[in-house]
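One structure, pasted below without further comment.
Chains here go by letter, A, B, C, D and E, matching the order in which they are written, and residues are numbered from 1 within each.
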Amino acid sequence: MFANVLERFRTLALSIFLVAAFAVPALAGPFEDAVGKFANDDFSDTNDAIGAVASSGNPLAFAIISALQDGRLMADPDTRKVYVTEPNGKIVDAATAEPVASLPAAAAAVRLNNRLRRAVEAALGGLTLLSPDPAKRIHAAQSVFKTHDEAMLPLVDEALKNETVKAARLAFTEARAAILLFKPDATDAEKLEAIAAIKARGDQEAMALLTGLTGDQPAAIVSAAANATAAIQRSLALWSMVQNAWYGLSLGSVLLLAAIGLAITFGVMGVINMAHGEMVMIGAYVTFVVQEAIRTSYPGLFDYSLLMAVPLAFIVAGAIGILIERSIIRFLYGRPLETLLATWGLSLVLQQAVRTMFGPTNREVGNPSWMSGAFEIGQVTITYNRLWILCFTLAVFAILLAMLRYTALGLEMRAVTQNRRMAASMGIATSRVDALTFGLGSGIAGIAGVALSQIDNVSPNLGQSYIIDSFMVVVFGGVGNLWGTLVGAFTLGIANKFLEPVAGAVLGKIAILVLIILFIQKRPRGLFALKGRAVEA
Amino acid sequence: MMPHVLTRSLDRSATVFLAVVAAVGVLIPLSNLLLPAGSMFQVPTYLVALFGKYVCYAILALAIDLIWGYCGILSLGHGAFFALGGYAMGMYLMRQIGSRGVYGNPILPDFMVFLNYPKLPWYWHGFDMFWFAALMVILVPGLLAFCFGWLAFRSRVTGVYLSIITQAMTYALLLGFFRNDFGFGGNNGLTDFKDILGFNVQADGTRAALFLLSCLALMITFLICRAVVTSKLGKVLIAVRDAESRTRFLGYRVESYKLFVFTLSACMAGVAGALYVPQVGIINPSEFAPGNSIEAVIWVAVGGRGTLVGAALGAVVVNYAKTFFTSGALAPYWLFMLGALFILVTLLLPKGIVGTFNAWWEPWRAQRITANAESAAREDGVSEPNPAE
Amino acid sequence: ADDTIKVGVLHSLSGTMAISETTLKDTILFLIDEQNKKGGVLGKKLEAVVVDPASNWPLFAEKARELITKNKVSVVFGCWTSVSRKSVLPVFKELNSILFYPVQYEGEESERNVFYTGAAPNQQAIPAVDYLMKDEKVKRWVLAGTDYVYPRTTNKILEAYLKSKGVKQEDIMINYTPFGHSDWQTIVADIKKFGSTGKKTAVVSTINGDANVPFYKELGNQGIKATDIPVVAFSVGEEELAGIDTKPLLGHLAAWNYFQSIKDPGNEKFIKAWQAYTKNPKRVTNDPMEAHVIGFDMWVKAVEKVKSVDADKVIDALPGIEAKNLTGGTSKMLPNHHITKPVFIGEIKANGQFDVVWKTPGLVAGDAWSKELEGSKDLIGDWVGKKCGNYNTKTNKCGGQGS
Amino acid sequence: MNAMETRATSALLYLDGVHVSFDGFHAINNLSLTLEPGEMRAIIGPNGAGKTTMMDIITGKTKPDEGEVLFDGVTDLTRLDETRIAELGIGRKFQKPTVFESQTIQDNLLLALNVDHSVKGTLFWRETRSESERIERVLETIRLTDARNRLAGSLSHGQKQWLEIGMLLAQDPKLLLVDEPVAGMTDVETHQTAELLKEINKDKTIMVVEHDMTFVRELGVKVTCLHEGSVLAEGTIDQVSSNERVIEVYLGR
Amino acid sequence: MLKVDNISLYYGAAQALRGVSLKAEPGKVMCVLGRNGVGKTSLLRALVGQYPIASGSISFDGADITGLKPYERARKGIGFVPQGREIFPLLTVEENLKTGFGPLKRDDRNIPDDVFSLFPVLQTMLGRRGGDLSGGQQQQLAIGRALVMRPKLLLLDEPTEGIQPSIIKDIGRAISYLRSLGNIAIVLVEQYLDFACELGDSFAVMDRGAVKYACDRSTMDPAEISRQMAL
């Protein structure tokens, strides 16, 4: 296996040589001089150095430039020596690859700015077209697609010849097509083929490439390009519908998650719970605390931080909920409007308490690796955090629904909220059930906070930004109906996301509010209104 | 026709309330204007403005109590009517600035100049005339309430559904008024007023007059509310609150009743907002924030829902608490205090300050009244209370 | 008592703005503490009077009035949002007191009683755009902001400026979002789309406070890298970054007049003292804090110059006063009550700090009135010679006095 | 054509072919029934037969899916709302007594008085002597004179029944729909109620639903028995109570 | 089984019960009679603990339960069929019945067949919401629900109110059946004299919050009771 890698590197070195030969013939100066320039702490010198090193054909080039990208290239301004800190912590002299014992005290990482980062990427792109890692090859091919630099053609051809991974083959084919399309001396047949390949890619960038095709081309090519553009446009329009639908689902899931606890405390128990948002906030802060603990003590467990935070947030928020119920809410049953007053007061207290404890500013909650980034289905980008939140929300919903429907506690909860006095006479320990119900609603709000910490601020104001939306969702869906909350959340989410591109975020939101107002006129008890005598009784 | 409606509404506590407001309305401005600055009894100008604000809030609280306390309509969007009244007044005050704005444009307010408005938007016309602005102060909130209420009450939207759509209404207005395109100065709102009816808004005399006017408005609002709730209409409202559908079966057009008080209440809120703006010197979209409306409801609850006097008292107490707690050493903890106040009032004084007071006082008074009646009866031998008093 | 000089601190400690303003309150307390260690001013100790206007604009005016009349403060340091400043303005004018306003804002204002130590648009927005145009060769622009006055005005100025530089309308996309906007999926996707035409694209963000965290999280997750579409922000500083995982944001930009990372002995000393004062070795500093540092220093110098805290005297003394800023230069109070400031562009680093990648050669004088806007290009503020905040150089008249 | 002028029927209340279903459950099935002016009709029928639902239809609370409901021969009740129907002179006592719990008994009656019910009318209303006398009379009739200033919410179940009847009296409608007036009353009270209804019947039309056969017998009026949403039997009490089907589904053996 | 000793109850200042004493035995039906508003319902509320008593004591099964919470009393075996039915309106009929599982052991948590044989209509309506049922159906549901708890003491507050005659007979039969089981004590509050007389083993007539006439089945005279009630 080791030999295999070595073999790959040999090809790599060869290819670098190839690039050098084609692209920048005979750039003068010895390699050491070029490396030395990294020590100047000047962006344009660094830029020169990147070019020189990349095209030097020196086998150390790859190590140096990838070190530069990762901030592992250290330069000592006094001695003007440059070092590479290898990922395993070993330190070598950049120019000679000689190991050194330790870094000089004055050494600092070579600084980059965006321009340089692009230069580094381009250089690495050339250097990684033949990388052993298919993901890197694809990435490199894609940057070639964007730059469609003619000089890369031989390398791309070379890569394509040996490529076995399907996705990488496609990427190389597209890169090759992009180059050919803009290559002045490519034949018409080659160009038509290129247009077909680019059309097949079908995304925004493909379209940009085709529309960027300049004048004096043969008519056949122009019309082929126009046809391809039109086709891409049509498919993009379709995809954007899908995209909007996905965004809507995702927004809906956030709304649902925020509202679901309220569907219990407000929908089932009838407590106008203005402190609901603060329970969400507490959940988010639990996540923060968990991550802090992990960061300082067990950094390796970071990816599991959310898994730990979920039960903890449920317990903490639930316990606070039970405390609140026992000390305040229980005196207010049968007086729902007064719960508004007390819970509003409570929300002020909780906000300020958190502000006092954790400070008024945002706290950092990170995304574990499995919640970072995105993948694409066709032309739709789906971010992992949103996807997981959607799944999580649905799971929470299903569990809650099952709990209310099928467990004894669920039945007792509903009985108690419908007629507390009679429930007691049926032998139901109403105060216990009340406390548990409120605790459950609060606990669920808490776990919502864990999820929301992944996409929003963790600040004392977190809760407030969700409380109004949550009430809208519960009421729109129909109070007391969990399914209503589900459908309500997704309806509002999707409607919002289809309105937003047309009307803009602000007017879109206003439109949604007006729609809610009008909708309630049609269905004065929400989307999934409970009907019949039972309700009026 | 009118007088009996008024006389009927004046029981002892109502009279006392009116007397207190009148006294405050006269004494505070007098002391501010006549006594030398710094004397012990002189009310400094900043307090006049502050009290003026409280009085405006008290009017808003009365408006809310009328619909919530008596008719059971919990509006979580009454701040919208207050703010609309405020904007109507603010627009008048902006137009009064004339060419004294920073860009010196005689027609366009400053924010329009620098946002390149070619001309005054149509809805700004007429606001250079006080009478028109004053009319709009009542008409705009009233009309919005009428349309909104007409839709909602006819569709029989009740309870939390109504509360939440009122909230949606004020939230939508909040977002709308935030937009610079809306033509109301965006988030910065309307400020830097110069004068009102030719008097400098910042002059002590003007402030005193505005304060007096606010007290007067409070008294009138109170009288109207009392007249409404002590009439048979008031009983119908309570009936609607307690058993809406039963009231329908008795032949009352419930939606008309609700629409009437809702609109009336919105107009009152508009007046409150209009008086508020020149006294605090700014109107901005945050007055539409749902939280403001919720707080206003809370003033009413703290003071005592369904007691009118309590609503006004609650507004003053809560806002005074806010002023008090947000300064000095307590400033960082004021939310704890206010939050605790709300919680404690709910738990310990479930009927609010005045409601709880009444609950103690009523039985005692009832006893006294029966005692009096009995002794009176013994004296002149009549026991039947006079039916047509 | 009379043996102290009172300093008002008018920053929200609760509500939505507490997130930004609380630090500024602490800054003033810190500065007062330091000053008192040096013996105070005019031989008297300084005493802070802190109130909480609770992110409520009318309350700002009320509290300002209370500070000035009841507490008799000599100067007030306060406000963050423009609306809070607008709300207190009439109060400061009426009661003739002094306000130091430390936050970058939309300009179009020069008041006798206010000293603007934050950036005017020409001290932040325009240099940032210049940088992107020259160094990053940006051709297409997304102007994204929260829907309120500061972003609207700034974008208006930028739009005019870009067009004057030959940028076409179709290469400018303007987008506004409500306060606290948290669902950025559509907008980030739109930006991505707008930026995928092959022309170099950048985002100029005037997105406010709370909305930034979800915005950057979405940027990171949708994989918009600074090397593809850089975002330059005017409201994101060290304090805001402290709440975000910055690794995916590497290389995105911010334009400010101060960065904590700037190597300067004055800055390093300040940071140390600040962290010691707050007993938090990780406590960050930011641009509005520096503005307060400068403003406070200028006020002290002015008071010492006229040997009085009398507002009129101090107001007259302030223009021309110089104070060292924390990045090695010397800022000066201008007759228009704005100050000279250096402009820096910083790139976000993985540690939540900024790496300065560009700076103006010298200090830039703050323009009260934008040169890019039709209505204000002829206006200047001059409280020294003309005694006027909006003097029209064309008509030679002071506007707003009934003309 | 001139439906407005020509009465379709001489009956005061005329139901024909009425259907109602709730989520697929047929509560009223092809119900037809007429009530002549001045008549008193007793309605009996098993629990769930649709008696209360029928009253809901007449008073506008429930809209029928199908069928005709005419009042006074000309007015189509299915198109009117509760308020309008009440204004026409149809009063109702509910099965579950519903009174205004937070108001005094006197005010409950006051609210029920059939005077101007418009917003303006109530705002400027002042009590006339005749009105207060009427309230006085009603109070006496329902034997709550002493309790007149008590809150209705503090009444016992039976007292609420009485109060609701009192409200009907104050309302003074042309047609009274009385749902189970004697439920929860003692035999003596039941007897008194029967007397009261007969008294009222002298100038009003009454439809009364009851399960108490002694009471129905005492009323001595035409009886209709409903079953599964339609009329099962009609006639004198003796005829109906000897009907095999009625015995089977209702009276029991 | 149940022993009520000299209890009083106040609603605010108004006294609703004045020194009421009663006894109920297993396999016996104790009838409480009286006009409207004399305090019958108040008495039952005191027994189930829904309203606190001011003085006196209640003991059940030999233990003093005066201080127990309502649910604790229910768990001791007191079943209650309230006046006005108090069905859980949004629960289905089946769920309404299942609310009676609270006091039961896990193995006993089923609906006894008796319930459906006594009230067949419930069987056909299991899936409908309780609040949608007609008044009479709800009454049957309320009794059924109390039976699910397998009570040792069953309190019935005017169970015949609003019930069709045939079902009144059924309820009568049901009560006789329960009595015949011999292990359930029944307190029946009624105004429907014939019904009460047919079932009762002992009788108490209340007036103004106090028991003013009591007798046994053996000494009972319906005319006298009727006279007492009419006073």
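One rule holds in what follows: a residue touches a chain if its C-beta (ideal position, glycine included) is under 8 Å from a C-beta of that chain, and two chains touch if they have at least 3 such contacts.
On a predicted model such as this, the values are computed, not experimentally measured, just so you know.
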| item | value |
| --- | --- |
| Chain labels contacting chain B and also chain E | A, D |
| Most central chain, Cα average position | B |
| B-D or A-B - the one linked by more C-beta pairs in contact | A-B |
| Distance between chain centroids, defined by C-alpha means - chain B, chain D (Å) | 44 |
| Cα-centroid distance, chain D relative to chain E, in whole angstrom | 30 |
| Whole-Å gap separating chain A and chain D, where each centre is the average of the chain's CA atoms | 65 |
| Centroid spacing, where centroids are CA-atom means, of chain A and chain C in whole angstrom | 30 |
| Touching two or more other chains - residue numbers and ranges from chain D | 22 |
| Sequence positions of chain A contacting 2 or more other chains | 351-352, 464, 506, 509, 532 |
| Residues of chain C engaged with two or more neighbouring chains | 13-14, 147, 176, 178 |
| List of chain B residues in touch with chain A within their complex | 74, 148, 151-152, 155-158, 160-161, 164-165, 167-169, 171-172, 175-176, 178-179, 245, 290-291, 294-295, 297-298, 301-302, 305, 332-333, 335-336, 338-343, 345-347, 350 |
| Interfacial residue positions of chain E with respect to chain D in the complex | 11, 14, 34-38, 41, 83-84, 121, 128, 132-137, 139-140, 158, 161-170, 191-193, 226, 229-230 |
| Footprint of chain E on chain D - complex, ascending | 22, 25, 44-49, 52, 95-96, 154-159, 161-162, 180, 183-189, 211-213, 249-253 |
| Footprint of chain C on chain B - complex, ascending | 44-46, 49-50, 53, 98-104, 106, 111, 113-116, 175, 178-180, 185-189, 191-193, 202, 280-282, 284, 286, 322-323, 326-328, 331-332, 334-335 |
| Complex interface listing, chain E residues touching chain A | 48-50, 69-71, 73-75, 78, 80, 82, 86, 88-91, 95, 98-103, 129-132, 145, 149 |
